[in-house]
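Chain lettering (A, B, C and D) follows the sequence in which the chains are written, and residue indices restart at 1 in each chain.
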């Protein structure tokens, strides 16, 4: 247990500390705030690098894994244990998150220069970074869930950073609530797992819930509807992952999250947070992949992941084709790529999914930051129809954006996107249960190429349409300052370089993540030309070329000059274009069903509250009042009245009797004599005759 | 009328006169005198019964009357002392004026 | 012979009574007795008035009444005539009834008292079982009479005199009764003839066993006689009639026959009380010594009676009058306690009666004597209140 | 025998009526004496000789004098006190009449006593003495105590409390 593993908790702790300090610093210390945030993250990056180096050296039987656990909460017999773990999966994510985060921190110093809530922004960013790093190293599902919620909080705060804008506030609420729906699934799954496995720690020398002994026990018991317990829990965890990663039913919040500042979109909605869902599935992979020993074929959970991923990929790609906002196109592209990652996980396992996640993180961050510098340059203009012709005015942004676009589209050989997508398609091709995910994957790749070229042409080629805006004087777009363009360059380089680590010829990353047999680790170009691999590469290249050509043909030949001009695709397919532009009206669907249903429930509740409970309260109130009144009346007239009259009569009677006591002894004597005589009379002639 | 009844009737009449006096006279002393009369009537009754009412304990009647006489003497002494002290405070012996114990 | 002489009167009386018809016999006997008693004592009254005036005179070194009859013997008749012929004044504002009844109530009870006194051997008008009690009961009526006299005459001084007289009478009744009680204690009976019989027998064969010859008897007799003088308002205690005080006290408004009646009542009560004294202490009609026993019983009684009268007259002549408060203190603080002591002495005498050893009687005398004398000396000293008598300086009358 | 009884009874009732009705208090007191005497006489007739002498001695000798002294001390001697106002007077006499009526009625038609006739032997004074000293010794002691207490009480009550009563003219 090396020093680095012991101190691994510092990686998330430093950004948290920075967030705490920044929260207290007054707004005017802008420079020191940025410095503190960036410093903390660089420290974390160094530590992450150290940890990564540690994992490289010693490859254990199933890869390097070092665990530190401690008891957090002791309640009688039960003890809730937390802890952190260092393994290849975690190490890779650590490095990716802290490196990309650092670049985005530096970028946002320039981007947010004019904003007066500068320190607050960096405080939230540090908070987010800390939480994300926490998710990565967590060895217990509970600790993971805690950091997962913090990440959700950070995303809410960052989306709604410009809370003055109503749309931003609404978007933040939407994001938070939709992810909460997913988190609910994760939460129920967690509790179910705890009740079944009696521990939430992943790896604890044998007793951990992801270790073989516990997993076989979970698989053995059948939970609800014939599914094994592990499958049921995995599906619930998948629900959480869908929420956070914006998969099909719960993807609506991601496009609206673009209201937040662009570095936020880049960091959270491209690179890290959305990747958390995929990471969660990768972390819980043994549970997902668990099969009752007799069964064959894919485990139901992984089949679900695959189908979900494939469908979302195509679905999002279709919508992206018809969008006009530069960041929304990228948002839908992220949703689509996440679909691909799930597809990779479902068919190829952790290594395939993670490889695409890592590559996607870099080039998607690059694209977002590029869009950011475009918006920055064109004075907050986001509608691509009002952009155009920025090739000459923003050359660096154009160049880096082009690299990113080609990586995303999957231009062969040089760019990382091609290699990671190829791995997924290869795995999907070999997927036994059904060939359809492979076909959807190929279709998605083509669509991706098409909408990226559409966006490139609209934004960078054709005449510059910004000056057509009415009110502003001719605002000439200008290139972003170096503090923004340098990170772009770095990211572009990574987008290219990272691809080479996972090619079939030298699958280092896969072996690193899944500890494949030793022979595969050597560099061997010949594997490239294996029959299946080569054929697939040719197919995907053809598909990408087709997409590019279609894009250029539709938009490149006659770039539009009037922002109000109708879209070429719309001319071709007006109905389909409107459908796609309307995002399949999923929002309206939700609006119509969930929101109204909720509203109905709310009004019902309100009515219930007003009439039923109100009525009861009123009733009780009336009762009490009535009771009080009657008791007052009773007291007033019956008791007092009766009592007083009785007292008065008594007093009067008393006074009469007092009359008897005249004070004159003779009257007493008279009475006495008369009475005795009467008594004598009675006795003598009365009874005892 | 048997001799006994004669004595009893006389005693009753004496008692009645005594009571009438006690009830009607205003002066406290006379009320006391009335009471004395009643006591004498009672004594007369006792002796009459002792003498004529069958032989009973030979000395009972006499003893009884002796003690009554003694008590009557004590009572009169104290009564008159009271009357004198009342007179000294109220300057009057008229009973109907001494009625501060009125209810 | 002695017996016939002794029983002379009784036999005569019985003879007269036998002569009367049967139903009236008790009435006649009663009348006879009453008549003789009244006659005898009225006569004695007259004699005593003379005797007193003569006695006092001789004491005061003067001749006394000697004009009316030989040696003034008819003086009482003269006085009587004077009383009868004097005008009987009645104050206008006087309360007639009470004024008139007073002297009557003075005399009648005394005469009643005589009925129980045994003048001679079975020479007693009424031998009552509770004779002594009768005597005292009747004696107490005189107080009512004195009050009626004092109040009836509607005179401030007579009322004052009456109040003083009544106070004196009541105060001295207590010692009188208690000293008589000593004798009752010893003899155990209230009837006077029985008391006389209890004094029968002779000491050493010759001296009579009178009560007076016992220590307690002597003391009781002295007390009795003192109380008696006070009871009859005589001599040292004659405060009510004392001339120096309020002249005739409650008798101020009386004159003529009523005054005479009062006077007679006074003397009669004197005789009565001394008669009782004699019966109680001096052995009634018994002879003092054995060998003189033959003298008839009534004679002895008469002698003793005269002796007592002489004693009273002598007392009147010599002893100065007492002041009112001295009178009261003397009664309550001296006589009463001594009477109680006398009772105690009598009890002690009775208790030690059965001492047989030699000199028992002497020891008993010493013991009982001491029991009487010590309180006597202490009380006397207390009565003086620490004032010692100044040495007497005689000044002979020049 | 009846003559004596009727004389005494007559004297008794007349005295009583006089005592209760005479205007002058002293006359009333003196008529009381007559009542006591006639009562003593009746006792004699009834053979209770010792009682009659005790009656005379105590009542006439002590109580009558007490009453007379009381009348003098309370200054109501000369005064002529009338009876109560008419209504209470009537009430008083009425009640007395009622009570007497009841008693006389009871006496007259009451059941005759089982044993009629005179008590055989009249007790002598000696027997009375012995009875007093044996059977009735406790009552005797108590009476002694009572009389002492009454004596002291009367004296204390009648003592002049520091001349409080002086000064004001006593009303009749």
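We take it that contacts are C-beta pairs under 8 Å (C-beta built on N, C-alpha and C of every residue); 3 or more make two chains touch, one makes a residue touch a chain.
Nothing here was measured: the structure is a model prediction, and the numbers come from that model.
**Q** Quick check: more C-beta contact pairs at A-D or at C-D?
**A** Comparing A-D with C-D, the pair joined by more C-beta contacts is C-D.
**Q** Taking mean CA positions as centres, which chain lies farthest from chain A?
**A** Of all the other chains, the one whose centre lies farthest from chain A is C.
**Q** Which one of the chains is closest to the middle, using the mean of its C-alpha atoms?
**A** B
**Q** Take the average of all CA coordinates in chain B, do the same for chain C, and state the distance between these two points in whole angstrom.
**A** Here the centre of chain C sits 35 Å away from the centre of chain B.
**Q** Please report how many Å separate the Cα centroid of chain A from that of chain D, as a whole number.
**A** Chain centres of chain A and chain D, defined by C-alpha means, are spaced 123 Å apart.
**Q** Report the inter-centroid distance (CA atoms only) between chain C and chain D in whole Å.
**A** Inter-chain centre distance comes to 30 Å.
**Q** List the centre-to-centre spacing of chain A and chain C in whole Å, with centres computed as mean CA coordinates.
**A** Chain centroid spacing, chain A to chain C, equals 145 Å.
**Q** So which stretches of chain A touch two or more other chains?
**A** Chain A, residues with two or more chain partners: 666, 670, 673.
**Q** Could you pull out the residues of chain D that touch at least 2 other chains?
**A** In chain D, 50, 54, 62, 84, 88, 91-92, 95-96, 99, 103 touch at least two other chains.
**Q** Which parts of chain B, given as residue numbers and ranges, touch two or more other chains?
**A** Touching at least two other chains: 19, 22-24, 96.
**Q** Kindly provide every pair of chains that touch.
**A** All touching pairs, sorted by chain label, are A-B, A-D, B-D, C-D.
**Q** Under the definition above, what is the set of chain D residues touching chain B in their complex?
**A** 5, 9, 12-13, 16-17, 19-21, 25, 28-29, 32, 35-36, 39, 42-43, 46-48, 50-51, 54-55, 58-59, 62-63, 66-67, 69-71, 73-76, 81-84, 88-89, 91-93, 95-97, 99-100, 103-104, 107-108, 112-121, 123, 127-128, 131-132, 135-136, 139, 143, 146-147, 149-151, 153-158, 160-161, 164-165, 168, 170-171
**Q** Touching chain A in the complex: which residues of chain B?
**A** 19, 22-24, 31, 95-96, 98-103
**Q** Where on chain B does chain D make contact in their complex?
**A** 1-2, 4-10, 12-30, 32-34, 36-37, 40, 43-44, 47-48, 50-56, 58-59, 61-63, 65-67, 69-78, 80-85, 87-89, 91-94, 96
**Q** Flag every residue of chain D that touches chain A in the complex, lowest number first.
**A** Going through chain D, the ones touching chain A are 84, 88, 91-92, 95-96, 98-99, 102-103, 106, 110.
**Q** Along chain C, where are the residues that touch chain D in the complex?
**A** Contact set of chain C toward chain D: 95, 97-98, 128-130, 133-134, 136-138, 140-141, 143-144, 147-148, 151, 163, 166, 170, 173, 188-191.
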